[in-house]
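Look at the two complexes coming up: chain A is in both, with chain B in one and chain C in the other.
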Partner chain A sequence: MAHAVISCLHANLAALEAVLADIDQQGIDTITCLGDLVGYGPQPNEVVNLVRERQIPTCQGCWDEDIIEGLNACDCSYPSQLAERRGQLAHQWTADQLSEENRAFLASLPMSLWRDRQLFVHGSPNSQHEYLLPDMDAFAALERVESAGAETLFCGHTHRPYVRELRDGSIRVRVRQTPGEPAGVAEAEDRELRLPLRRIINAGSVGEPRHGNTHATYVIHHEDTNAVEIREVPYDVERTCRAIVDAGLPPIFAWRLRHGFEYAERADDASHVCER
Partner chain B sequence: MARWALISGLRGDLEAYEAIQTDLRHTRRVDTLFVLGDVIGPERECNALLERLQQPRRGDLQPHCLYGWWEEQLLAERGYRGGRRADALRLSQGEAAVDALLQAVDPAHMNWLAALQFGFIELDCALLHGSSAAVDDSLGPDSSPLLLLDRLTRMDVNRLFTARSGQQFRLELSGGGIESQVRDLEGQRQHQQSVPQRQVIGIGAGVHYTIYDPGSDRLDFFIAGTKPKQRARGFA
Partner chain C sequence: MSPTLLISGPPGCGKTSWILNRIRNHRGPCGFLRLVGYPDEGLLQARDGGIDLAWLQDQCPGLLDLADPDQALAPRPANLLALIELPQFQPPADSGLAGLDRRAIPQLEALHLSPDEHLHFGRDDLLPRQDTLDFNSLQALERNLAGSVWDPASLSSFWFELVNGAYGDVYRAKALMNLPDGRAFFCNWMVSREGSQFLPLQTTASPDGRPQRLSRLVVQGKDLDPAAIEVTLADCLLSDALLELEQARLRQQEAPSHPSPAA
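Right after this comes the complex of A and B.
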């Protein structure tokens, strides 16, 4: 059975419609969404409505959380004050636009979803704000999957789709500890931990791609073969860009959609966990 | 180079603190004292120890203190942690323990406790009560090496000194590796990563304390008040 995973929709209706059409065209009817339905983009209600209509199981993203609980992300989210100001403006605009019903829907979203030993989260099992970038420390990446008790971790948040396999791992340790009473030099004990094969699958971003191309991205997981397909879907970028400008949102949000990358809101420290 | 003494878990025990200070003064050639939290606890009145830490006597090593799990519970219960209260303590030991903790510390000490830091970074070492993940992160010799490596990686340090478990141990990551394969829209790449040579050190609690020499990487575990020839269990 094939299963589609989408993430980071960011109130971009044209992109979501195109991705859902692509999924439908392939006859896939199991979809999971990893959150960030709103933020940056001009159609928060329309996007939330569509996710609700399609009854897509969804976990809560960092933007969804902040809209409900108030903007309280620490400055790790922004590399500059200018970027932070733009983020705050988008937050306020989105909060003003969102209907009570859709706000309640975002508040009801779980932090994570499970399917057998597949775990679905927005950022990482630790935090919706943590970035699991494709080149982060391999042991730290494995720890995120293993500590959660998952075999495969589906995440988003980075806006860059990837499939990472962590295998043939081991850690050797030498432990020296003291007995209860003083008794000379402590004995050393050597141990080895064999690490299991684990996978991290990042679904990329439907509504705000940052992989160097304007196409929306998502992934398809073929459960029978365990193969993962990273899909790129062209959509009407100009339609969304016009709506961003018409809504009075910062024009830089339209600029980066036209380029498919941006540096303004990317936090580079993959190991950082927001301590709000 | 300066030698460090690392202590924790005094939980109001001024006698234990004095025994350690006496040890350090007479025999240990230590010039920096780190107190990694849990200076308070519900078992006894803690004010005398708190006063001594804030106003060392002549000859005492000046203590550099962090907050630990017990301080975190008290600070939460006294309203220093926003809406949170001492829920972890309440859940694990009941309302009576919360009351005992409130009784054990004079409110006059709260500002000093609230100003304590979460951790210190000295040279390539992190000094914490638990770990960078949380103050209640109890790391011990039987903790998963993957988890220990993660805690070291988060801080990007070579030595992590931790106190939460109360145990004295030295765990060296001595070898191993992992293969990582990433596939994205640009293609596929493989990377082999080795386990870095890093260590997690449990410093003990109460009269069980640790001396570390960052210059030689020598580590010794001691019990305050015992005879010198029996005390040391050192390894470099």
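Right after this comes the complex of A and C.
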């Protein structure tokens, strides 16, 4: 059975429609969405409506959280003053547009979804704001998967799709004897835990690609073979660019989308976890 | 006696870089003058506003400003190398001094300058050719940024967008930009080159308030969008409060962590 995972839609209706058409064309009817339905893009209500109509199980992204909580991310989520100002502008515009019904829908989304030993989150099991980048330290990456109790972790947030296999993992711990233990036991003991294969699968971004071109990306997980396919889907970028300008959003958003650049650059310290 | 050279050429051909090298290789005093260029049909000259002179004086302390009226009247050193830059789109009709744009002569005479040699990029083999382009139409946009200080990461984003066409088809961009730590950079980009130059000025200011040095942006291209540039500039430049916040942090880092022993 094949299962599609989409993420980071960012209010880009043309991209979402193209991706759903691609999924339908392959006869896949199980879809999971990893959040960020809104933010920067020009059609927040239309995108949320479509996700609701299709009844796609969805977890909450950082933008979904911020839009209902009132810009919850701390300043360090933005790498520059320019990115921060543009992000705040997009936030305010989106907050003004979003219907109460759709706001309630975003507020109702869970932080994570499970299917067997597969965990679905937006950023990481720790936070919607944490980036799990493909070149992240292997121990830290393994810790994120293992501590959550998952075999496979599906995430988004980076807007760059990848599959990372964490093989031959082990965790070595030194256990100290606490006072009151029977005498004769060594004061400290090294223990090593061998971990089986773990995987992190990043679904990329439907609405704001950051992988080098303008195509929307998502992943298909073939559960019978465990194979993962990263899909790139061309869509009508100009339609979204026109909608950005028509909506009164900054034209620079259209220029950036048209050239395959993200609306705002990702944070300098990608491992930073917002604690506000 | 060292000559007075007049160097002309279209935007971004490398006039100032060639002059900088020439000054560095000259053993003796040097002077510099940038003449105001003349527009041709559909081709607007940009007002440099002193960027080239400020950059050259930073790199070559002691460089004489030949536009300074006091310098014009003072006796010049016998071995002075005088270098005159003239922005000029079209190649001269004649070779050598005969090809000098007649419209520039009053500017030269007013400063008591008489070139011994005229070299034009694209015409004279003594000058490099790789960045000499023919322009059919060109707009110019200048922005005085005196007293402005950039959020460094925002400057990087703005410059990336500028030279990649977010605000129109830019052929040439140059600027002197201030950072909160007191450094300033000469930012230089030409459509025929790969990548931008970000060259630090040797003179730095203390991280204490807004620097007094010249700061300016000059852009040449087509279909430029000054309003969009203004919006982005407003989002990139630091307010007084944010500048003080950043500079207070820098001053704290620079301060000795332990009090020095009493003398």
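FYI, the second predicted complex is superposed on the first by the 251 of 276 C-alpha atoms of A that agree within 3 Å, B and C clash if a C-alpha of one lies under 4 Å from a C-alpha of the other, contacts with A are read in each partner's own complex, and residues count from 1 in each chain.
Note that a contact is a pair of C-beta atoms (placed from the backbone, for glycine too) under 8 Å apart; a residue touches a chain by one contact, two chains touch by 3 or more.
All values reported here derive from a predicted model rather than from experimental measurement.
A.B. asks: Using the touch criterion from the header, give the chain among chain B and chain C with more contacted residues in chain A.
C.D. replies: B
A.B. asks: Which partner does A:108 reach: the first (chain B), the second (chain C), both, or neither?
C.D. replies: neither
A.B. asks: Based on the superposed arrangement, let me know which partner A:164 touches: chain B (first), chain C (second), both, or neither?
C.D. replies: Touch status of A:164: first partner only.
A.B. asks: Looking at A:175, would you say it contacts chain B, chain C, both, or neither? Reply first, second, both or neither.
C.D. replies: After superposition on chain A, A:175 lies in contact with chain B alone.
A.B. asks: Using the superposition on chain A described above, determine whether A:82 touches chain B (first), chain C (second), both, or neither.
C.D. replies: second
A.B. asks: Could you tell me if A:259 is touching chain B, chain C, both of them or neither one (first, second, both, neither)?
C.D. replies: It touches chain C, and chain B stays clear.
A.B. asks: Following superposition on chain A, which residues of chain A contact chain B and also contact chain C?
C.D. replies: Residues common to the chain A contacts of chain C and of chain B do not exist here, since the sets are disjoint.
A.B. asks: For chain A, which residues count as touching chain C in their complex?
C.D. replies: Touching chain C: residues 79-83, 85-86, 250-252, 255-256, 259, 265, 268 of chain A.
A.B. asks: Under the touch definition given earlier, write down the residues of chain A that touch chain B in their complex.
C.D. replies: 134-135, 137-143, 146-147, 160-178, 182-186, 188, 190-193, 195, 211-213, 217, 230, 232, 271, 273
A.B. asks: Help me check something: in the complex, which residues belonging to chain B touch chain A?
C.D. replies: Answer in residue numbers: 133, 141, 144-150, 153-154, 156, 167-185, 191, 193, 195, 202, 221, 223, 226, 230-235.
A.B. asks: Spell out the residues on chain C that touch chain A in their complex, using ranges where they run on.
C.D. replies: 151, 153-154, 156-158, 161, 164-166, 228, 231-232, 235-236, 238, 242
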